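Next, two complexes with chain A in common: one pairs it with chain B, the other with chain C.
So, the complex of A and B:
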């Protein structure tokens, strides 16, 4: 199916998250804050959020960068045929077992070389709309990550999907949950809400622009 | 929204949930409605219908609180979009209310599911077979808090039109009727206080009318300013204010002081004169301040009584002062009918006796003090009070403190003696009937019950002995701080309007639990027609808007059957 976009395969994993790799020329599809899933078998898949994209260097890249001329072929070759993959970090958010979404951490992490897919809007709507947004706590847990940016990116994606699916109230409920989870941590909450506000502003500007054009 | 929040959203009249508190102090509740929907003094109920107990109390403080003070300090509206700021405020900023934990009661049957069971239970509460009790425990955490409904108020304060329950006003927020139990009100002395113009006299009219209509108690009113008997004109609105006489023409007897008394131009039912023989030296001593008597007075009075017994006043009055006659030796000596001669004969200081004589001249000259009254008005007053009538003694033109003090104290002393004797006869098992309870209403009570006077007047005796002899006081005063504390602390029911003076506030609250909370409420009452009721006579303190004394009042009082208030107030308050 065309919506089932495979974006890479698993490199390593642990309970709270995993890292998958993809080729440099595949990198157009996964983006920061996007919801992905790993299909383990017909009954079980794991959901996660992309929080980190790393492009590692190697000897060849270093060499090419220091050479005086960078031939076009070499550039293309390096991009397409590199042996070092792009590493993409994913935060585990929950899983789906026999069609039931759970916002608890997956009982088993994914295994090496499992395929990773970008979630379709329907999958996003199903996962984020299930239960009571319990998965947000996983996002907020690890304060080493750029939590506010991550949340803002995720909320934007999910808001658009939920609105399109006829559930515009979702966004406000999600914000209430974020506030409930973070209200003890004033600085983080204010940063998160600041980032969310950026989203709101961007949307307002967009609709204003559309209004002017249309 | 989380589930927790969902369950906290107010159902109908819920205003918050209990978050803390203790028996010794107040309860705290977190409001789930905006702060402005609740006011100090509001009567609230904590606990759910399925809980073991419902708790009744008053809101005494409202505080703005924040989950973290930084949320309150930061101007969220400037930093975030309105929507985000709104969501954030909703979860991090809130109002907490301080609630007194005063009474508790087991919830009765549900009035909707079991109306008959509820009514039976309600009646048993009114008859006090299942009375509300002082709170001995506290509500559960997160017990719902709601504003009291009409039926809650009726449970605690009684239902208008039943038994001795008489509506004295309404709650501030929702205007639910609040009653007093008239039988309980007169069981101990009561006080009505408030600064000038707060509505004391109007509220007293309401209460007196209620007592007269209730017909269980005789009422004697010392009407210093001719306010209660005759019709009057309100000084502020210029409106006609009906007097008790006009509304209860046969039940109320108007008595004027002095043979030719007129009250606002009209003749009273009869007049009162004081017989000289009824005056005791104590009656005079009481006027020490008014007459500027000296310390020697008591000795002189004692000597007078020893010489002349009951007729001392007349005899003393007849004596001449500065009267000398030539003696046998030709020298001037005191005339035999002079004060000086009498003083010498009994060995008291002549000049002291002379001074007393001249100071008593105001009494000697008082037209209402006569040797032989034309009729025994005192007996007539007592007969009236016995026969289910009520007496308003108008001072007419005798408006000085001297007249008021002298006459009201003397009459009260005499009447109390009668009631005391009757009580003793009744209790002595001589088959004598039970005395009819008597309430004596006095304005400007501090003149009779101040610290200097308290040991001497019959009023303070009455206040202190409670209702041992079936006589209690209804005292009306602007300056409760000037009333002797021992008297204040004996007052069963205190009803007070706004008071500005902190001493007065402290005086009204003496001897009450939760004084601090009540003090704030008292200081913030509306300057008119709002009163705080407290004390033994009411189940718990409450702020009410006084019942208006107007035509509607009289219509409701005199024709209760056609009154619109007759409908079932318990069920009126329910949202069906």
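So, the complex of A and C:
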């Protein structure tokens, strides 16, 4: 797999997700809703979705805010040299073992200081195109997270990749899967489709759904 | 409960009364000192000759000596040049402890370089030194004392500052937190003499490289100008009666400068120091100092800045240092302390976690070489238990 972009190292983890850290000057790479992977060994890697990006503060940052004339050099120093990490939360979506994608939760979480990489288009296409998109249920499970926005950001990224890979039908199938997963939770479904609509991705689907639900 | 707050409460009233009396005495003595200051602001030659006569009879005299500026002058801060190179260094240490599993000592030096006006990211320097086992464990006293470690740390801090600042573009300023001279603990007199020539070489290195070395003393408690005024007053009949040989109360220099350095950025006159050791490193390296108001219109805050004589000799150097410190303290907003000094402290400081990791590394190496490793003292073991959640 080409274009491996390392975006940070693991701080802490559990079965359903993990948090990794990167320096402030690395923050251009990871983005909300991006698919990432952790390579555990030659045979096993874990996939996840970035759901939260937190820029930590500390005493000095809080103090510098009070300055009327923050020097450029101090600004660069704080971002480039100081150990104030950006903490990035990732929702575990599945794993790949010996080349086979699974949308079940990973058997064991990643370990401290494991490297985190942004997924390449090929990796996104391989992970999202495998099986019956069962990984979407992990996104919808935790209502404490911004599920609608997260799903919309992910669907947009995956749709672009799948379309470029010659699979434009993927997006329709993904929306069908979301609708199926949320068939008993109309309010959430409406919020999800509203967020998707916000991206001008599925305006037609929502009106069609409104018709189906009467 | 570790402190009996009820007993403390009972003593508070008397404590506050004593403090009030103390402050009243201070205010009275301060007014006397201010009168001397006003009377003797200008006759600098006369003051220097008074000090000279006093030194002849009192070899232990330690006081300020005016240079060529009226002693009650206030000089406003000027413009910082377009570019100035700054480097600040700080040191910290892990002291050896007989309560630990292995005796070891680490000296950690951190520094941050800023090319102000360049728009470039500052550069961070860091060096950690595990002190030789033979220097840590001594035949006569056992473990090396904390005083000797502190002396070694202070020397290393200045040495690294000189090394790392050698290639700085001009004009260049190197700074440390605290006084310029190494702290002389009476118990470390022998050790101090042993490393004095090294310190002299470091001071010369700054001069050779034309890097303006300074020591920044925040919230200074010195009384060098007060001592000078007392010397002057005791030889002047108009003031003698108010200045007995033993002073009634201690007033610090900042109290005198409070009404002089009223504008933010102001600096005082530059003074040299007369003391038994002030000429030890040569006239060019003799410590000079000035006070500076690094506060704001609403909040005065005075710092003392020490520089060697060769820096103090040119007023343009002093103006550059004043402007640079003003700029550095502005970066920190409502807590006016030089940004780079704070950053170098951040880089240098050794956390408890790092302390433990170094100890574990040493223990592992000892075990690999079949060197016996002790256990922590029972006192330390019990303390560790408390830190882990004991009450």
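To be clear about the criterion, the second predicted complex is superposed on the first by the 198 of 214 C-alpha atoms of A that agree within 3 Å, B and C clash if a C-alpha of one lies under 4 Å from a C-alpha of the other, contacts with A are read in each partner's own complex, and residues count from 1 in each chain.
We adopt the following convention: a residue touches a chain if its C-beta (ideal position, glycine included) is under 8 Å from a C-beta of that chain, and two chains touch if they have at least 3 such contacts.
Keep in mind that what you see is a predicted model, and the values were worked out from it rather than measured.
Student: Both complexes share chain A, so when I overlay them there, do chain B and chain C fit or clash?
Tutor: Verdict on chain A: chain B and chain C fit.
Student: Is A:55 in contact with chain B, with chain C, with both, or with neither (first, second, both, neither)?
Tutor: neither
Student: Looking at A:164, would you say it contacts chain B, chain C, both, or neither? Reply first, second, both or neither.
Tutor: Neither partner.
Student: So, does A:184 touch the first partner chain B, the second partner chain C, both, or neither?
Tutor: In the superposition, A:184 contacts chain B only.
Student: After superposition on the shared chain, which partner residues are touched by A:64: those of chain B (first), chain C (second), both, or neither?
Tutor: The answer is second: A:64 touches chain C but not chain B.
Student: Would you sort A:111 into first (chain B), second (chain C), both or neither based on which partner it touches?
Tutor: neither
Student: After superposition on the shared chain, which partner residues are touched by A:122: those of chain B (first), chain C (second), both, or neither?
Tutor: Once the two structures are laid over each other on A, A:122 reaches no partner at all.
Student: In the overlaid three-chain picture, which partner chain does A:175 touch, first (chain B) or second (chain C), both, or neither?
Tutor: first
Student: Quick check for you: in the superposed arrangement, does A:132 touch first (chain B), second (chain C), both or neither?
Tutor: Only chain B; A:132 stays clear of chain C.
Student: Contact-wise, after the overlay, does A:197 reach chain B, chain C, both or neither (first, second, both, neither)?
Tutor: first
Student: Chain B and chain C, closest CA-CA distance after overlay, in Å?
Tutor: Distance of closest C-alpha approach: 50 Å.
Student: Do chain B and chain C land on any of the same chain A residues, and which?
Tutor: In chain A, no position sits in both the chain B and chain C interfaces.
Student: In their shared complex, at which residues does chain A touch chain B?
Tutor: Contacts found on chain A: 132, 172-173, 175-177, 179-180, 183-184, 186, 189-190, 193-194, 196-197, 200-201.
Student: Quick one: in the complex, what on chain B touches chain A?
Tutor: Residues in contact with chain A: 1-3, 5, 67-68, 70-71, 74, 79-81, 83-84, 87-88, 90-92.
Student: For the complex, which residues does chain C have touching chain A?
Tutor: Against chain A, chain C makes touches at 112, 114-116, 118-122, 124, 327, 330-335, 339, 342-343, 346.
Student: Which bits of chain A are touching chain C when the two form their complex?
Tutor: 60, 63-74, 76-77, 80-82
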